[in-house]
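The next part holds the structures, each set out as structure tokens.
Common to both upcoming complexes is subunit A, partnered first by subunit B, then by subunit C.
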Partner chain A sequence: MDPLKSIAQIAASGMHAQSTRLQIVAENVANADSTGNTPGADPYRRKTITFEEVLDEEAGVTMVKVGEIGKDDKPFTLRHDPSHPAADENGFVKVSNVSPILEMANMREASRSYEANMNLYEAGRKMRSEMIDLLK
Partner chain B sequence: MADSSTVFSTSAVSGAYRSSQSIQPAPGLAEDAAQAPGQTFADMIRDAAGDAVQTMRESDVIAQSGMAGEASTQQVVEATIALESTVKIAVSMRDKLVEAYQEVMRMSI
Partner chain C sequence: MAFFNLASQRMNWLSARQKVIAENVANANTPGYKAQDISDFSDMLGSNVQASGVKITQARHISSAEVQAPGIRVEADETAWATSMDGNNVTIEQQTIKAGEVSESYRLAANLYRKGYELLTLSVTGNR
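Here is the complex of A and B:
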């Protein structure tokens, strides 16, 4: 297959994977304050994402895809809030294990990686269009 | 300006002409011709144009479903860029063909 054409395909798979990662980050950030509704209920558990390589047999190129969207096993923290509907008999509410700093770092990385893939896509497109311009 | 006979010797020119007559076509080309006996230049152009039209239709469909919110923005952009380069190649090839045709028509007989 035309390498310049496959660059577009590969970079597009990277961009897709990174946008899924950003989606997970957004879900984590949005749900950082989600708690249970019944006494002692579990709050939102942070989601994790992994990537894996995938070989396109037909085009003979290695691309990336989202491997698994899992759950973070980190224990929940407790907050003293007796009036909360999810408070247990001692007045403690379980708070989700989302760490805003970690999510921010993750967001930055996803955004930078998306940008890198975008630049590759653009470079491939430009090279291809310059090659076609030779026909003129 | 120097006369051409002083630059190229006549015997060298006729020798080159004779050796060019004995050149065989490349083996790959001969095999291709044997596999597709009906494949002419016009057929090749028709195939290429058919592929181009196919790409255009596909990206049209994706663009429409993008407007309807079914395809992602990235898919729409990818399809549009594929369409752009296909159209560019098609137009360049057409220009070349028209140019060659006009060149032949201008030939004084």
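Here is the complex of A and C:
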């Protein structure tokens, strides 16, 4: 396959993967305060995402895809709040293991990587377009 | 004149493909919608089918509503990257690159057609 054509495909697969990553970050941030509603219940567990390479045999290129969306097994922290519905007999509520700083860094990285892929696509497209313009 | 025929067939195929891509993008949020693509260009060249759909043998027959260009079949896109929870497998990124690819290829075919035409004009009139 024409390399300049395959660049578009690879970059788009990267953009798709990064946007899924951003989706996971958004889910984590939105659920950072989600707790259980019965005594001692588990709160929201942070989601993680992995990427893996995938070979497109037809085009002969290596693209990227979302591997697995997993759960972060970091332990929950406890907060003292006896009036909360999820408080245990000692008055402690389990709070989610989402770290806002980590999510923010992740968000930045996802958006920068998306941009990088977009630039690559643009570069490939421009080269191809210039080549076609040679016919004029 | 086979060259002109080939170029216009190519453009026909590309516009049919662009139409299918537009349909996919339009249905990007339709639950259960499956992305579609059209058969390869080589299939179109190899086929001697003159028109798809039911053959019309009498003037009073009703023609099938969607007559694609000869030799073009719309089929499910097997290369879709991901299916979302609502059963839709249209990926905007994938459709966007396809649309870009189609429009570039169309430009290439149109440029080649024009080049051929210029060549013909040159040989007939001696000036461009």
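In this section, the second predicted complex is superposed on the first by the 136 of 136 C-alpha atoms of A that agree within 3 Å, B and C clash if a C-alpha of one lies under 4 Å from a C-alpha of the other, contacts with A are read in each partner's own complex, and residues count from 1 in each chain.
Just so we're on the same page, a contact is a pair of C-beta atoms (placed from the backbone, for glycine too) under 8 Å apart; a residue touches a chain by one contact, two chains touch by 3 or more.
On a predicted model such as this, the values are computed, not experimentally measured, just so you know.
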Taking subunit A as the common reference for superposition, should the pair subunit B and subunit C be classed as clashing or as fitting?
-> clash
Does subunit B (first) or subunit C (second) touch A:58, or do both, or does neither?
-> second
Partner chain in contact with A:95 - subunit B first, subunit C second, else both or neither | neither
With the two structures laid over each other on chain A, which partner does A:86 touch: subunit B (first), subunit C (second), both, or neither?
-> neither
First (subunit B), second (subunit C), both or neither touched by A:13 | second
Compare subunit B and subunit C by how many residues of subunit A each one touches, and report the one with more.
-> C
Considering only the touch criterion stated at the top, classify A:125 as touching first (subunit B), second (subunit C), both, or neither.
-> both
Return first, second, both or neither, reflecting whether A:66 touches subunit B, subunit C, both chains, or no partner chain.
-> second
Could you tell me if A:135 is touching subunit B, subunit C, both of them or neither one (first, second, both, neither)?
-> both
Can you list the residues of subunit A that meet both subunit B and subunit C?
-> 8, 12, 15-16, 19, 125, 128-129, 132, 135-136
Interfacial residue positions of subunit A with respect to subunit C in the complex | 5, 8-9, 11-13, 15-16, 19-20, 56, 58, 65-66, 121, 125, 128-129, 132, 135-136
In their complex, what parts of subunit C are in touch with subunit A?
-> 79, 81-82, 91, 93-94, 96-97, 100-101, 104, 107-108, 111-112, 115
Provide the residue numbers of subunit B that touch subunit A in the complex, in ascending order.
-> 74, 78, 81-82, 85, 88-89, 92-93, 95-96
How about subunit A: which of its residues touch subunit B in the complex?
-> 8, 12, 15-16, 19, 125, 128-129, 132, 135-136
